[in-house]
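Each structure below is given as structure tokens.
You will see two complexes here that share subunit A, one where it goes with subunit B and one where it goes with subunit C.
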Partner chain A sequence: MEEYVKIVTRDRLYKDEMESLMTKFLFLEIVRGMRLTLKTMFKKPVTRRYPKEKRQAKPGFRGLHALVRNPETGNAKCVGCGLCAAMCPSKCIYIYTREGDNHEKVVERYEIEVLRCVYCSLCVEACPFQAIALTETYDYAAFSKQELFYTKDRLLKNWDDFMTEEKKKRYFESFWGPKTSFFRENESQATFKGKS
Partner chain B sequence: MEQIKERHERELVLNLGPQHPSTHGVLRLKIEVEGETVIKCTPYVGYLHRGTEKLAEGMTYLQALPLTDRLDYVSSMTNNIGYCLAVEKLFGIEAPIRAKYIRTMIAEMTRISSHLLWLGTHALDLGAMTVFLYAFREREWILDLFETLCGARLTVSYPRIGGVRNDVSQEFIDSLYEFTNIFPSKVGEYETLIDKNRIWLMRTKGVGVISAEEAINWSLSGATLRGCGVNYDIRKKHPYDAYDLVEFDVPIGLNGDVYDRYLCRMEELRQSNRIIRQCIEKLPKGAILAPDAPKFTLPPKDKVLDNMETLIHHFTLITKGPMTAPKGEVYCCTEVPKGELGFYMVSDGTGKPYRMRIRSPSFVHVSALPALCEGGMIADVIANIGTIDVVLGECDR
Partner chain C sequence: MELLWEISIIVIKIVVVVSVVMFHVAYATYFERKVIGRMQMRMGPKEVGPLGILQPVADGIKSFFKEDIIPLNSDKPVFYLAPVISIMAAMSALAVIPFFDGFIISNINLGILFILAMSSLGAYGIVLAGWASNSKYAFLGGLRSAAQVISYEVSLGLSLVGVMLLAGSFNLNDIVEAQSSSVFGFYAIPQILGFFVFIVSAVAETNRPPFDLPEAESELVAGYFAEYSGFRFALFMAAEYIGMIIMSSLAVLCFLGGWTVPYYVLYLFPFLGAVPGVVWFILKLYACIFFYYWIRATLPRFRYDQLMALGWKLLIPLSLLNILITGIAKLII
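Up next is the complex of A and B:
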């Protein structure tokens, strides 16, 4: 056997007959277990009373979708290239474009079927214009399928509702990748800073 | 009278599942019992079949990654890593050292979270209800860490072909190190609750015994195999990622019963903790995506709108997949919490896999259930389902 092998089988559970008998008659192992559970009675509960107490999602959480609004034009940043729809593994993004008055491409409809989405955020990575985002909202259950079919207006509204100034920045800094810095060493990378 | 007697003597056919709470999903067992003894046990699978292998044939290599999350949904990180390693082997690329350490770290975190879920539900099935929430308390911590890391708790899609999706933050590393400090004492707590408990011992000792030879013949893997006294761990025998750079022990049980497999997994929790600690301490600075990866994964975003070639590359990669995919076939196996997860990829040179075959440990383990159950009591069937640690998402694929 190699030296890394560690045999975990226990031939005997107790050191000697005496300990075995003591445990058997005095229920020692159960007393020990009970002592541990009794101790937790005086600690704060680890569970959360969900609908009353809502948990704040961590920065960069992959939740409900939003279309990024261009602050200059007031419309969606999306140019309708269709990369997100091509990348989507569950094929839940539908994009319809048409020719505009000045022969430009106009995104007529941009729809996401939220029920089919798998929240992999590959659409975010595929988008070259930072036009789509996953917000930190996670509780949006609805009663009908129609309510969870998000059109362009609703997606833009999501952006206004859920993404405040600092969230926008944080979102794109951490999750829109890969970046050039991923391919080389840089100073700001996190490492272990010693035992403290 | 004769008729009644005949009817009594006949064995009873019992359907366990597919909606039974302790079959861990939608496993259906057709059990023939005589009194309380199981004579025959036939597993029926396929209630959760989603056609993952076939779906992957119509997707590019990067696109198929989220599918692997949903194989074994309690340890999605290791499935992703297994898939990425298989594709990397096919393309002949290697992840940089920092990415390897990060992958090893998160794979072991997944092992801990998967084993904790196993411990909680297995104990719950056998009547020890207290352990469940204790185990979930620490599992929650790990899932929170996953959330800070990549924005998802369960279906993570974090590793990428040739590296990982984004870099770890300082906050993540500090919190994880604190976790490794505390965790061994928590494992002690779980052991206090059930380790020597007389009911636990009665339900597990000498139950579901399978010999080493038989286990190999059934092609069992992971802790289920090691509980039978076979020294086989892919992390040691065929090291991948950073497993050859860290020190850890492989726990082996000799009796091959439910209790020994339990002991193996409890020791694995400690060893995983040890690996995470070493990974954090050794984590070097450097790239997290392989320099030759842009041929296969997406090019850097900050160059996409400046550089025309990069933009063209970006478009072709997403719509058609890697254009320089080599022809050939490759098998790559990894040690996931359940056992050996293998990906067999066949490439015909287009951007999509021609065939992706998944060798999932749960499927193999379910097929060994009759060998474990037959001849035992009907109550021990539950113990046996728990001990092989089966997740039906992976079994039915």
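Up next is the complex of A and C:
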């Protein structure tokens, strides 16, 4: 018969037999555990009482959607190119455009079905005009599905409510900005400028 | 006229004891949640009233107004009867507990035996609840409870034999008197083995963690009362907490000196003699109940075979040894 080499070793729990015996008979392990729970009892609880004390979301948090309002025109920055909707993995963005009176493109409806959104922020990265954002707001639960189907007006209102100028700068520059700044116009190239 | 007077005295005593005990049961749930919460770095109830102090009231109202669901295929009469048996057994044991000198509803000579008998009768409530619910979880819980209560009843009874030998009486009043005139002032030191066996068996007897196998949440949903709801559920809960109070007061009376203070403590601090006995009793009782919560927050649940092995292989031989030692010491001295 072969000699087996013992390779699985176990750390010795006790220094000697005496200690092991004492531990067993005086329930030292249980006593140690009970000392721990008693000590813990006088520590400060780690509970955050959520509805009463809300945490500020960390920078870069992807929360409630907002459409960026152009401060000059007072309207949405969105031009209705549909890149966000094309990029959206859960296909929860619906855009309806029409031709305006001066033959420009008018975004008639811009809707987000929030319940289906996965908050990946791919729409934000895809947007060449920085026209959509995810704000830091996270508590917007509602009682019906209809309330969480955001139309254009509601999304613009979100922008007014939750994104200050400073926050907007931080978001687009630190987190989502670089990807749009890659697409710089070539001077010699003919580009569509639109009728502004 | 004499008889009427005695009966009215007893009725008044019963009303006082039941109302005080039910108040304690309500707030025992509150303090349990609070203590265990703090031990697990949570906060416990905090919303109802200042510091959540009205939480038991809210729970009581809730249990009254909840829908009383009775399973379709349950054994209806037994289903109705089980919580009543449970609470009856728990509450009738209160009759023989002396809360302080001279305050006892019925001063019978077999006080300890009566309490032990009633705590075993409580197992009927649990077993019948498990049987009548017609649910496998409840049934398993009931079976486990029967096995557990029967095996720990033995060591619980045997651990008290040492006390009976030393005091020479079954009467709880006499036991407390005998303790206050003994050398140490209470029996927890000379009966250290018996005290240890008593603590472990009392926790197992009341189905409290770490021996809460009959209602092991993670295995049996809620165990024997899985099918009960509303007020019947509240009755089971109340029975469990009354059982805890009874076991704690038995520990206080038989091992910790009841409402008395050891004479050497009184010698050192004479002003403590002015404190009424009921205060000492209640303080010791609270300490015992806190101990229940403390081990609940610390220890994980025993496995079923470990529980049985602990009961039959360790606690019963230990209590027999304790009886032997106590008997020999009693003979010699």
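A few notes on this one:
Heads up, the rule we're going with is that the second predicted complex is superposed on the first by the 163 of 196 C-alpha atoms of A that agree within 3 Å, B and C clash if a C-alpha of one lies under 4 Å from a C-alpha of the other, contacts with A are read in each partner's own complex, and residues count from 1 in each chain.
Here is the rule we use: a contact is a pair of C-beta atoms (placed from the backbone, for glycine too) under 8 Å apart; a residue touches a chain by one contact, two chains touch by 3 or more.
This is a predicted model, so every value here is computed, not measured.
Of the two partner chains, subunit C is the only one that A:R49 touches; subunit B does not reach it.
By the document's definition of touching, both partners, subunit B and subunit C, reach A:I30. By the touch criterion defined above, A:V118 lies against subunit B but remains apart from subunit C after alignment on the C-alpha atoms of chain A. In the superposed model, A:P71 lies in contact with neither subunit B nor subunit C.
In the overlay built on the shared chain, the residue A:F61 is in contact with subunit B alone; subunit C does not reach it. In the superposition on chain A, A:P128 contacts subunit B only, with no contact to subunit C.
The partner of subunit A that touches more of its residues, comparing subunit B with subunit C, is B. In the superposition on chain A, the residues of subunit A contacted by subunit B and by subunit C overlap at 30, 33, 36-37, 46-47. Remark: subunit B residues 59, 62-67, 69-70, 98, 130, 133, 137, 140, 144, 147-148, 150-152, 155, 157, 160, 163, 165-170, 172-174, 177, 189, 192-198, 201, 231, 236, 247-255, 260, 263-264, 266-267, 280-281, 283-289, 291, 293-294, 297-305, 311, 314-315, 318-319 touch subunit A in the complex. Put simply, subunit A touches subunit B in their complex at residues 1-2, 4-10, 13, 23-24, 29-30, 32-33, 36-37, 46-47, 57-62, 83, 86-87, 89, 118-122, 125-126, 128-129, 134, 174-180, 182-187, 189-193.
By the touch criterion stated above, subunit A contacts subunit C in their complex at residues 30, 33-34, 36-38, 40-47, 49. Touching subunit A in their complex are the following residues of subunit C: 35, 37-43, 46, 294-295, 297-299.
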